[in-house]
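Structures follow.
Shared chain: chain A. Partners: chain B in the first complex, chain C in the second.
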Partner chain A sequence: MELKTETRGNTLVLTISGSLDALTAPELSDALSTQLRDGNTNLVADLSQLEYTSSAGLRVMLNGVKEARQKGGDLRLAAIQPNVKKVLDLSGFMSIMKAFPDVDGAVASFA
Partner chain B sequence: MSWTTWRARRTFRGSLEQLAHLREFVNETAPQFGCNEEDTFAVELACDEAAANVFSHAFGTMPGEIQVELWRHDNTVTVQMKYHGGAFDPLQVPMPDLDVPLEERPIGGLGLYFMRQLMTEVKFEFDTVNGNVLTMHRLLIPESRG
Partner chain C sequence: MSNQQTRVALVIGAGSVKCAAAIGLQKVLQREGIEIGMVVGASGGSLYAALIAMGASPEQAAAQSAHLWTRGVTAKRNGRALWQILLPNVFGFDASFGTVDDTILMQQLRAVYGDAKIEDAKIPLYLTATDFENGAQVVLTQGSLVDALRGSLAMPYIFQAHRVDGRLLVDGYLTDPMPVGVAIKENANVILAMGFESPYQGTINALLRYTFQISSIMSNNLLRANYAFHALVHHGEVLPILPQFEQRIGAFDTDKIPYIVQAGERAAEQQLPYLKKLLAGS
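Our next item is the complex of A and B:
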């Protein structure tokens, strides 16, 4: 799993690449906690390069959504790939999280 | 054609670093048993969730290993995981209630929920000879049968 961050206006885009599982999810958790602690509460997870997630990755995303909303922001998903979509659908999280077809749309939603 | 002769077995060290290798093993093996993409993904995710629980909780500070065996019988694919260490039943993790609001929902139990959604039957046994044995069956979707 690799993480990259990019600031776009009032929004921070986290690009998550590779696979999220019980080994790699804590790294994403730490990154999200750091951003939220630093006051970056408008967050977009760019999932265009995320090929796989298990429940461990979803738990981190759900925690991110909870914490960002408590601070007045949100964590929104963009460009979800088929295998990740399957897992999100199975979890029921799609009814909770806001998802967009691409990063531009997700960033624009915070404007 | 009988599928009962199709079996594959591999042993993995009991650490989270092995999860990616376990998924690769399932991804390579299940299609050889005639599993289509959907069946293969279901087995891969169920194995990942089960093994992540075992690696995180079963071995403590002791080094452990897990033996994973896959086979197909008629229209059912089976995964069996055997591991020693203390008796650890991954099916005892509480299930999440997906109907409660997000803010009130506890974190955890989702992996077990996935295992039960993806596999037709999941069972756990423990005895002093074989140690812990987790067995998961999945009835293949019609397109994978043949």
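Our next item is the complex of A and C:
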């Protein structure tokens, strides 16, 4: 997994590439904790290059969205690829998280 | 996650003949030398869970299941059922209702498994059913394999509930269409969860189709809700193995088993790189 961050206005975009699984999820967990601790609570996960997520990845996303909302922000999803969307659908995440077709739309939703 | 600590569970959810996709997964695991530590099955998944756990090779499993689960198992109607619906006060309506006589199904199951017991399985086997009287999940781990399968396969409205050890059992999908929780409870670290959404009816032109549509809506939502809960509470990994079918597959389309097995293989191959890394602890 590769993780990149970019600040766009009042929003932080995390681009997550590759595989989000038990071996890589701790890195995303640490990154989310750091950003939230630093006050970046409007978060967009750019999933355009995320090929796979396992249950470990889901757990990190859930913790992220819960903590962001507790702090008054949100973690929103953008550009979900079909393989990942299947897992997010099956696990009910699409019913609790806001998702957008692209990053621009997700960033704009925080305006 | 080292090999010594890792216990791989194969969970095969409800899905009628589509569950044959588990044979494709079995083939991939065998080829890669990945040992299965336990097998869990619900409803149609129970048939394949039992075949795999009892030691059938992928080829044997495909051949045996093609004989086990044919349209013929529903060929003998329960003549009393229609009268029970129309005149319940005359013919009596009770928990034993079912539109199909299970004689043929029982014959097919006995032909394959005879007097085998669940505890005879080479890989620990867990079959799920539902207690008709209180709705609780029942996990069958010992006793007659034929009776356990019959209980797990007791599709509501079609087959009568089946009494096992004093409990009246109906289909395992009613409590959990993909019983990942059983593998979690039995301490599996890596759970390969093969599940199938129930198909929606193209046309609603009969009471039974209407009933199946309601059943599909409820069971698909139950599948997602249970999967979400189990994926989030498990300490290890739950890897969903979700075969994709381009063609529509009917409940008894055993002629499509080779195609279904291939779909299972493809779905397994998608998870394989990560599964191997996970088991290697890299």
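Basically, the second predicted complex is superposed on the first by the 111 of 111 C-alpha atoms of A that agree within 3 Å, B and C clash if a C-alpha of one lies under 4 Å from a C-alpha of the other, contacts with A are read in each partner's own complex, and residues count from 1 in each chain.
In the analysis below, a contact is a pair of C-beta atoms (placed from the backbone, for glycine too) under 8 Å apart; a residue touches a chain by one contact, two chains touch by 3 or more.
As the structure is a prediction and not an experimental result, all values here were calculated from the model.
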Assess the superposed three-chain arrangement around chain A: do chain B and chain C clash, or do they fit? clash
Once chain A of both complexes is superposed, is A:Asp21 in touch with chain B (first), chain C (second), both, or neither? both
Check whether A:Leu77 is in contact with chain B, with chain C, with both or with neither, and answer first, second, both or neither. neither
Quick check on the superposed pair: does A:Ala68 touch chain B, chain C, both, or neither? Answer first, second, both or neither. neither
If we overlay the two complexes on their shared chain A, which of chain B and chain C does A:Ser91 touch? Say first, second, both or neither. both
Tell me the contact category for A:Tyr52 with respect to chain B and chain C: first, second, both or neither. both
May I ask you to decide whether A:Leu12 touches chain B, chain C, both, or neither, giving the answer as first, second, both or neither? neither
In the overlaid three-chain picture, which partner chain does A:Val103 touch, first (chain B) or second (chain C), both, or neither? neither
If both complexes are laid over each other on chain A, which piece of chain C (80-88, 188-196 or 206-214) hits chain B? 188-196
Residues of chain A that sit at the chain B interface in one complex and at the chain C interface in the other, please. 19, 21-23, 52, 54-56, 58-59, 62, 83, 86-87, 90-92
Give the list of chain B residues in touch with chain A in this complex. 16-17, 19-20, 23, 41, 45, 48-49, 52, 55-56, 98, 102-103, 105, 107-108, 110-111, 113-114, 117-118
State the interface residues of chain A toward chain B in the complex, per the touch definition above. 19, 21-23, 52, 54-56, 58-59, 62-63, 65-66, 83, 86-87, 90-92, 96
In the complex, chain C residues that touch chain A: 1, 195, 223-225, 227-228, 231-232, 234, 236-240, 242, 270, 274, 277-278, 282
In the complex, go through chain A and note every residue touching chain C. 19, 21-23, 52, 54-56, 58-59, 62, 83, 86-87, 89-93
